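Chains here go by letter, A, B, C and D, matching the order in which they are written, and residues are numbered from 1 within each.
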Amino acid sequence: MSGGMSGSVTANETCTAQQGVPWYKNKKLDQWICFWSVPFFYNLFGLVFVPLSWMMPPRSPANATPEIVAFMQSPNLLIACTILTLALGLSAVGNALYACQMKRMSVSPVFRFAFMAGAMVGAIVGCLFPMFCFGLGAFRPGYDPEILALLYDFGYLSFIGCLGCFFLNWSLLALAILLDKNNTLPKWLGYYTIWQSVTELFAATVWIAKSGPFAWDGLLAFWFNMVLYVPWQMIVYICVYRAIKNQPEHELANAQPVPRAAYA
Amino acid sequence: MTAYLRNSLTYVWAFLVVITVASWFIGRGHGAAYQLDAAITVGVLLIAALKAQLVIRYFMEVRFASRWLKRTAYGWNIALLSLLLLFYWLSL
Amino acid sequence: MNTTGQSLLLWTTPVAGVLFLFAFFMFPGFSPPMSPTMTPEEVAAFFQENVASIRGVVILCNIIGALLVPLFAMIAVQMLRVVNSSPVFAYSYIIAVGIGLSAFILADFAWGVAIFRPDRDPQLISLLNDMAWFFFIAPVGTMIVQNLCLAGSIYLDARPDPVFPRWVAHFNVLAAVLMLPGAFAFMHKTGPLAWDGSLSFSLRLITFAVYVAVMFCVLLTIVNRQVEHEGVAA
Amino acid sequence: MTSAVDAVTAAGDIDAKKSPAFPGESSMWFFIIGDLLIFGVYFVAYMIYRGQNQALFLHSQQFLNQGIGATNTVVLLTSSLFVALGTQAARVGKSVDAYRLFGLAVVFGVLFPFLKMVEWIPKISIGITPGENLFFMYYYVMTGLHLCHVLLGLVILGFVMRNVRVSKERSHPPNIKFVETGAMYWHMVDLLWLVLFALFYLMR
């Protein structure tokens, strides 16, 4: 949904971060590879959920059964499933980037490990599982309409109502930024991240309301959250870009030649 | 501690409590079914905005703050009050 | 660092391998694999006929999935010894393992629920079976990212005496490429790309089995070298 | 009218001139203004949706307990007063006074969630839940979200008190930036409740 943010910062900048060093000898190459995989992932992610499946923007929970059946049987859903399956692993890379920044902060390792655990669960229940619910309907069009309606609800509720893991993750990130004394990421980003985790709480109403502003396609439970989320995702990404770029050489693990015996 | 009783903040607080009770008095239910009532609504919204203004000005010490912050904080309060009244009026 | 624990955990991998072979030949759904073209009634009948063996396999697979975790965790631990500018590849690897394993376990559970009451409405049995296959295919994506992260961190290892030999990186890229066609099983009901096809099923599982065996040997060597070169107690 | 109050009461201030141009951390003001805007959007949306179904909202409002709402308003105002006085005391280095005043603020602050439970539990037990209708969804979402802010605020006040206590024990001035930052957050919590009280409990 928030693809295409890569335009503001071009690949060339990263290559010239160290003067006169070819890009493939950049000491931070590992971080840059992972960093540039993120726009690729988000573009695929956007492609899968918007123009391929038209799962987003969300359809109404109050839709009549024939509409649900027609949507659940659209064959593009299977292409969406395939692309998502291939790309899902990249969500791990994006989250690992945040975890690496959290490692640089003056906070306990528990922040990044809890964050990583949340990222694992979130990818399954908040991303893969919902897409599969839709894909299953398309894979075997012969299913009863009630089964398709069940999958429809299950898919949307787990996609939009998956708030626990993300609330945890964004709160951890926000707290780590605010407690950090190294100024790895700006303090205001920490506060913005708090709102981002609060929007996850707003989404709790989708488990109750079947129509109106608090339903899963509602003005407050979905659209307003998007207004906060999409810029946040881009801003946090730009901040991570700056953090990697400004990371001093001496902090890098591979900055000094490693002596043979310096293991363990 | 008695110095704190004669503090301007304490006077502001006393005034806030008084108008809170006043707004409750205006808006209290009498056991009868609630009816649409613009006078009550405008009254309690104005009092709420006045209270908000006092909290921003004195408790949050925006009265001493930079002009930028003053404008933003007071602007929020005024904009919110106007929008609430506008949409209330539109729904009448 | 003491490596006794590492070796001990590493040896859970051959145990998983033996159980895997056992399960593979015990589960009639896998030899030959169930066709995606089966109707719900056929699927339900199939489950009703093979209750005991499927049930056994469901329980075994639950354990196998978990027994493979130490191998991947060991790889992650060794990745953290690799010198890159940051642990980003290792962290990605750990998260990807978690995602892939959860998907595998969900597949197993879907089959388990189907076999728990095989006399359910055939539509529901078929749904659970489809769901199981979907989740069985899903780890392909995480395996690809895992392998590429491992390869990346090996290629960029700044140690004069690298933790992983370079060919392991090439091998990981190769394994990722060979598993890739498995993801296209959602789009095909027949042919080599269907979930029972030669590319999506046979090639993928053979690649995975070989991959696990090779990585086991690689890690065995690495742990032994760690003992030798760094004087850590074995 | 506010400037008139200034003129009358400024003499009683402990030391108004020592107040900074930007109370607290500026990043906290970024948060406060953003939070006010987010709540503002919800308040305005409430008014719009209310306009589409006046009868439902009016009828549902009767089930709210105005007495507890008004009490909670006074509770938060009082707590806010103690926080404001505590900030002033901390600013002039009176750590002992500041510590006591923040302690009183926390005592009043803790009353709020307690009263909220007294309000919510009977409602939920007679089956008035967020699923009841749009009004109650709004009511529970907004008061619940506000309650989360209160609880977070209590944690922050706890840290402020610790800061003041340490300064009291080591007799050096408290970290005034941090004290102000926490205080600003707590006043914002108060501020939001003032609007909530009018919109949910009082208006018709």
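Quick note on the criterion: contacts are C-beta pairs under 8 Å (C-beta built on N, C-alpha and C of every residue); 3 or more make two chains touch, one makes a residue touch a chain.
Everything numeric here is computed off the predicted structure, so don't read it as measured data.
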Handout entry: Chain closest to the middle, measuring from C-alpha centroids that were averaged per chain
Key = A
Completion exercise
Averaging C-alpha coordinates per chain, one finds the centres of chain A and chain B separated by a number of Å equal to 41
Handout entry: Whole-Å separation of chain centres (CA-atom averages), chain A against chain D
Key = 33
Problem - For chain C paired with chain D, centre-to-centre distance based on mean C-alpha positions, whole Å - result: 52
Practice task
Averaged over CA atoms, how far is the centre of chain B from the centre of chain C? Could you give it in whole Å?
Solution key: 62
Completion exercise
Per the touch criterion, the pairs are A-C, A-D, B-D
Fill in the blank from the handout: In the complex, chain D touches chain B at residues 2, 5-6, 8-10, 12-14, 16, 19-23, 29, 33, 36-37, 40, 43-44, 47-48, 50-52, 54, 58-59, 61-62, 66, 69-70, 73-74, 77-78, 80-81, 83-85, 87-89, 97, 100-101, 184, 187-188, 190-191, 194-195, 197-199, 201-204
Completion exercise
Given the complex, residues on chain A that touch chain D span 186-188, 190-192, 194-195, 198, 201-202, 205, 208-209, 212-214, 219-220, 224, 228
Exercise for the section: Would you tell me which residues of chain B are touching chain D in their complex? Expected result: 1, 3-4, 6-13, 15-17, 20-21, 23-24, 26-29, 33-38, 40-41, 44-45, 47-48, 51-66, 69, 72-73, 76, 79-80, 83-84, 87-88, 90-91
Handout entry: chain A residues within the chain C interface of the complex
Key = 27-31, 33-34, 78-79, 81-82, 84-93, 95-97, 99-100, 103, 112, 116-117, 119-121, 123-124, 128-129, 132, 135-136, 139-140, 142-144, 147, 252-255, 257-258, 260-261, 263-264
Fill in the blank from the handout: Contacts from chain C onto chain A in the complex sit at residues 1, 36, 39-40, 81, 83-89, 91-96, 98-100, 102-103, 106, 123-124, 126-127, 130-131, 134-135, 137-138, 140-146, 149, 152-153, 156, 158-161, 180, 183-184, 186-187, 226, 229-230, 232
